[in-house]
Each structure stands twice: as C-alpha cells, then as structure tokens.
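Per-chain residue numbering starts at 1, and chain names A, B and C are given in the order in which the chains are listed.
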Amino acid sequence: MTRVEPAARGAGQDAVPPSAGSGGVRVRRSGPAAWIGGGVLVVAVAVLAYLPYVSSRGTQIDLVGLFSLIVLGTMWNLLAGYGGMVSIGQQAWIGLGGYGLVYLAGTLGLDPFVSIPLAALACGLVAWATSYLAFRLSGGYFAIGTWVIAEVVRLLVIQVDEVGAGSGASLTAFSGIDPQYRIAYVYWVALGVAVVVVLAVYLLMRSRIGLALTAIRDEPTAAGSSGVPVTRAKRLVFVLAAVGCGLAGAVIVANTLRVQPGSIFSVDYSATMIFIVVIGGLGTIEGPIIGAVVYYLLQDGLADLGNWYLVVVGVIAIAVTLLAPKGLWGLTRGRLSVFPTGYRVGRGT
Amino acid sequence: MTWVNAVVQGILLGGLYALVAAGLSLMFGVMRIVNLAHGVLAIGAAYLALEVADRLGWHPFLSLLVVVPVMAAVGYVLQRGLLDRALRGGELAPLLVTFGLAIVLQNLLLEQFSADAQRLDVGSLGTASIRVTDGLSIGWFPLLSAVVGLLVVAGLGQFLARTRTGRAMRATSDDQEAARLMGIDNRRLYAIATAIALGTVAVAGVFLGSRTTFDPGAGATTLIFAFEAVVIGGLGSLWGTLAGGVVLGVAQTVGAAIDPAYGILAGHLVFLVVLAVRPRGLLPAAVAR
Amino acid sequence: MSTPLLEVDDVTVAYGDLPALRGLSVRVAEGETLAVIGANGAGKSTLLKTIAGLLRPQRGDVRLDGTSLDGVPAHVRVARGIAMSPEGRRLFPSLTVEDNLRVGGHARRPGPWDLARVYDLFPLVSERRARPAANLSGGEQQAVAIGRALMANPRLLLLDEVSLGLAPVVVAQLYAALPRITEQGTTVLVVEQDVNQALAVASRVQCLLEGRTVLEAAAADVDHAQLAAAYFGVEAR
C-alpha cells in the first residue's frame, strides 16, 4: 500500500508518487525547515530592498558587491555543481557584460538599465556560439579551454577603440542622475538580479531539465543512452551561466562606473567563484549564497593581508575540497533545505 | 625573408612549448589529472633557479642540478599528499585542488619576490647567434631550448615504451584496477609520474625564465600555451605535443610578424581553428581512451 | 590435515547493503584444482576479487599458507603468489600483446614461466605478439589474459569465467592448456558458469548459490541431478 500526501501547498507542493514502495512511505520535497527558511529569505529580501532609505551610499555600494558575488557563485555552481563543467573562463562573460553596458549605454546611448539585460543577452549569444568549440573538450581540458576563450575575448576587446582599447573606459551614461538616486537604483537592480538568478536556478533544477542535469552529473554515459539530451542540457546551462555572469559584470561596472580590461577579465574572478561555491557547498542552491557571504566577510576582514589573503583563500578551498567536500551547507547534513530541489522519503503520517 | 625568419623562430619556439607541455601531457596520460598548477610550478622553478644563481653565483643551466631534483621531490610529495586524496574525491576534486594550488603558489611567489619582472641571465648565450643569410639568423639559445625540448619528449617516449616502469604507467593508464592485479602499486607509480613531470617542468621553467622576463603571474600564459600545444597535437600523444608546440610557436611568431599585438591572439585562434576542424588534434594517439 | 594453500574463512562481502558472500568458506590445497560454479549472481566473481584483494571482506579472513591477507593490498598479493585472469579479460588495449605479458611479470617473481614458455603454451599468442591487444579475437584475448597471469609465476592462479562469450571449441582449446599449468605445481581456482567444462578440469567442485556453498564434492563423484538442483537452488528429491 502506497500512500502519497502532498506535503504542503504552494512552493513545496508537488509531491510525486513513487512507483513502488512499502506501506506508509511518503515522498516530499519540502519540510518545515524549508518553510521557515523560505520565510526568513523573503523577510531578508524585503529588509534589503528597504535598505537604501536608511543606509549610507557606501553600504549600498558594498552590498552591490555582495549581490554580484552571490550571482557569480550561483552561476559557477550551476555549471560545476549541476552541469558537471568546471570553467575557469567565466571572466569572459563578466567582462563582456561590463563592456557591453559601457558600449550600449555609452557609445550607442541606450538607457543604462535597459543596457544591462541586453549586454547579458549578448553574452548568452556569444557563449552559445563558443560552446560548439568548448564542448569538444571535457574535464580539465574544458576548464582551460574556457580560459583560452576568455583570453581571446579580452584580446579582441582591447582592440576596440570605442571602449578605450587597452586602458579601459568610464561609464558616463548615469551622469544625468543624482548620485544618491543612481546608487539606490543600481542597488535595487543588483538585488533584483541576485533574487532572479537564484530563483531561476531553483526553478530550473526543479524542472525536467534539472532532473536530466542531475542524471548527467551522476552518470553522463548512462544518461546519454537513456534518452537524456546530454549536450543540449549542458549547452543550456553554459549559456545561462554566461547570461548570469554577464548580468553580474554589468552590475559591477554600473556600481564602480569604470571598466578596465586587466581586472574585469581577470582569472581571479574564477578563483573567487570556485572558492565561494566550494566553501559554501557544491551542488546546492544555498551553498553559493553562504559562500558569497563568507567570502564577502573574509574580504573585509583579510583585506590587510595583501597577497596572503589569496593564499588563505586557496588553502581553505583545497582543504574544504579534500576534507569536507560538501562545504559549509553540507554540515547541516541535509537537515535544512531552503530550496528543496530533490525529493525526500520519510515515514508517512 | 621576414616570413622565413618568423617560421624558423616559431619552430624553435615550438620546441620550447613542447618542453613546457610534456609534463602536463604525462600527468594527464597516466592519472587523468589536468594539473592547473602546471604553469605556476614552471614559474616557481624559474624563481628557484634565480635564487640558486643569486646565492651561489651559478649559471642558470648549472642550477638545474638543484632545481630538477627539488621539483621532482615536490612532485612526489604533492602526489602522495594532495593529489592521491583528490583522485579519490571524484572528477571535480583534482581540478579544484590544482587550481587552488595555483592560486596559493602564485600569491606566495608574489609575496616573496614581488610582481617585478625577473630574468635568468645565461650570459652571452642569450644573444649569440648563427647568421644563415642576411634576413635569417638562428640564436644559440632558441636552438638549444628546441633541442632540449626534442630530447625531453624523445626521452619520455622511450621511457614509456621501453622501461618496466613506463610500461606499468601505460598499463595503469589503460586500466588501473587490472594493473593492480599485475602487481603494480598504482599510487607509487603516480608519485613517480608526477615527480618526472615536475622534473621536466623544472627544465621548462629555467628555459622559459632565460628566454624572456617572468613574474609570478606568468604561470597563467605558461599553462595556456602548454595546454594549446597538447590539444593541437592530440591528447595522449607525446610526438603530437611536439607537433602542437611547433604549430603554436609558428602561429605566434608569424602573427607577431604581422603586428606585434597579434602574436598571442594568433596562437589562440589557430588553437580554436584546430579545435573546430580537427578536435582530436593533429596526431591523435592510436588507441582512443 | 596440513594447512591448505588458500583458506577463505567465513567471509562476508557486501556491496552497500547487498551481501554477495554470506559467511562463505573455501579451502584449496596446494596443487589442487578447484572449480567454483554457480549461476549469475552466486558470488563467484566476488569471491575471486576478494582473494585478489580488490574487495575487502566485512567479516571473516582470507589466508595464504596460514598467513592472514587482511589489509594486504592487491599488488602485494601478486608478489606473494596470487595472480588472476579477471572476468572480461581486461587486457591493456593500447599495449601490444608482448607488453601485456611483460606487465604480467611486473612483480618479478621467480619461477618457471617467462615469455618463451607462455608463447610455447599458446603458439597463437606468439604469432600476435606485436599487435595491440585491442585487435585480438575473444579467444586470443583470453589466452593472453591467462598467459599474463602466468607471467607472475603464481602459486595460486585465479581464472574468472574463461568461457565467457567464447565458442565451445575455443573454450576447449583454452582448457586443454590447463594440465600443462598444473603440472608445474600451480594451484588453480577456476570460476565457471560452464559446469561440464569445470568438471572436466577440476579435481573438486564447490557450487555457490546466493553467496553460500550449497554443494561440495570431488569432481569424479558429482551426482549431476544433485548438482543441477544446487546450481538452480531447487530441492533435489
């Protein structure tokens, strides 16, 4: 006898009947923890949205940095944690997003807030085209291949005089807006981007594609022969991750008003993303958010260390990979799940 | 004559790239590890040679007597201490660990030696050349580095083909569990492979550091060039890596002859074209793995 | 009774929660040929992998000459005289036949077998020596796999499913070589699904069902009805 009960309504509702099981087993996606966690998250976003009315410009500019880190971590996790692809070339899309904003809003004179998503879409398009090259490599060679693509993008961008060639450019499109408003607007855009990106990955992983991705990650050959469209799903992930990183890059430039090829195309971004995801917990939605917060706090705390800062970051990343591969979020041992993408089997009531 | 000159210099440069890439190829071949710290390790070896040259007043080539064994020992310990563990942690772990290692090493080098560009001084060898015709002369140093690259690739090939340990490495590469059933201690073998790889990396680092200036950030391009040579040549084939190095070297020197700013870019573009047209490389290994 | 060469004593091996061997005991005396038979999933290959050191028993012990092999890794067991021709041959596809054989002798144990003796035993292998192992027929691959195990000069030779996927005439040819192996004093443990073949070469048979012994007899005295019943796990009347 199999009894299936929808665990709850709303976000946690779609319980799927197991095809076989012994009496009293029920399958559910969310538990009470997810509801509490989800509630906390909604309140946190609401508080953050209200912040510009009560906080200094400096705080807002700082927090935009945090939101970008959350987006970057979430995107890298989508690639590696869900898609099984280690990329060390995501700076290609960060840079292209940043430069795209400068070009669309500065050179072409489009509205900067329209330019941000447009620049990100352009990243997706370029990523789709380059995926046909990158996907000819796998594993570690894929990783370096993405880096080469990022280098090519950088070397091409610095040939373009309209965006300042090798020396970079300033974003002047906001000059008509009062700085106080501009900072608040950019803050809200950054917060919105972070929320949308996290939710998008959450919904993607709960969809059929998410299921396929999990199958690919666990057993690519078997997934391929069982009818899961491996390459298509991976390509979708690759393109989405580029769009997300492009958004982050545009937000970073909108926040700092300056784009410089050496820093926006720096491989240090990949190091940052990897650290965030590894320390937070690979293959979970919560992990990169926690990792981003940890990185953000460390960044403030360890800024005085200079080069030792990245040494510490690297050592922690290695240690976590080898000793606690599930990261900080893994320490909860699945007892908590704010974003339940999998199913849990438990005794029915 | 500039074109002939560019091609000749490119071929010689290719020998150096093959030297840089040989260790990357070996580690991937035996353990399926793509060592993302490969480039930084080469630069680290160059700094080590610099220290030896400074403190003992030795010629950079003489310093190889110290640098090669030290790097080989580092490789042995690295494999036993970190990479063996990483191999047990699934497919992503070796990548994350070697990338983390690259970040750590690069920043340790920055801390120790600052970001200032350095160069190993090989004396008159660095400038001496054989004049072939008016527009074409071959430098002794590029020639020497190409010959050393050729010898290292040939030596590794002979080692893998003819020795008991080399055979065991090929067997382990094919089927690790079956190799254990033949009495092969795969972990010891892995440590030896990494030690040899880092020994070649040490030689590569000293030649790289004598050819041009280097700084702690130079590991990135070093890794990328080595990787491009390996992929252009075809995975799992040492002679392919040599061919790939030559193709990359020629692309860079010919690109730079068109416009100095295009050298590196031309190398990347040729790599991408090969990837598009011949994804298995120019000289793929006979047996697909 | 003297100490047997191999003692598998009350061994339990499980894959996750699924036990493949349930308190199984097997003894093989020096110079003897034991055939372990059983249907698919009886635990035969698990038994050989446990003896070779690829799997670690949850309970029980494996002893060679009375010395426990607990914690002894697979490659050290080869040096102590246990060699295996694994299920599915598992040749090194990119290596030539001769290199495959040389790798078999990696442990450098002294003994009667060397390249010349193996080629003498399997003349067909000798003709193929320069070819990559990937380009051989199934029967040729199996001969190389047995030869490769012999190169380790084992005291105990483990043969896993020699007949798998091969034509009966080829299987018969392969097993015809077995007396020349045992006459060197080598002890052999064969795992087979082909019962007749096993009975023909072995001095003793042991039949497994779901990880336990259901029948043990000298090959000469086996009652075929009883054996069939044990093999399929039905009551013999």
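Annotations
To be clear about the criterion, a residue touches a chain if its C-beta (ideal position, glycine included) is under 8 Å from a C-beta of that chain, and two chains touch if they have at least 3 such contacts.
Since this is a predicted model, take the numbers as computed values, not measurements.
The greater number of contacting C-beta pairs, out of the two interfaces B-C and A-B, is seen for A-B. Greatest Cα centroid separation from subunit B: this falls to C.
Centre to centre, using the average C-alpha position, subunit A and subunit C are separated by 53 Å. Our note on geometry: subunit B versus subunit C, Cα centroid distance of 44 Å, whole angstroms. With centres taken as mean Cα positions, subunit B sits 33 Å from subunit A.
Within the complex formed with subunit B, the residues of subunit A that make contact are 80, 84, 86, 88, 132-133, 136-137, 139-141, 143-145, 147-149, 151-152, 155-156, 159, 267, 270-271, 274, 278, 282, 306-311, 313-315, 317-318, 321-322, 325.
Within the complex formed with subunit B, the residues of subunit C that make contact are 52-54, 73-76, 78-79, 83-84, 86, 90-95, 99-100, 102-104, 106-107, 132, 134, 148, 152.
The part of subunit B that touches subunit C in the complex is made up of residues 164, 167-168, 170-171, 173-175, 177-186, 285-287, 289. Remark: subunit B residues 28, 32-36, 82, 85-86, 89-97, 99-104, 106-108, 110-111, 220, 223-224, 227-228, 230-231, 235, 261, 264-265, 268-269, 271-272, 275-276, 279 touch subunit A in the complex.
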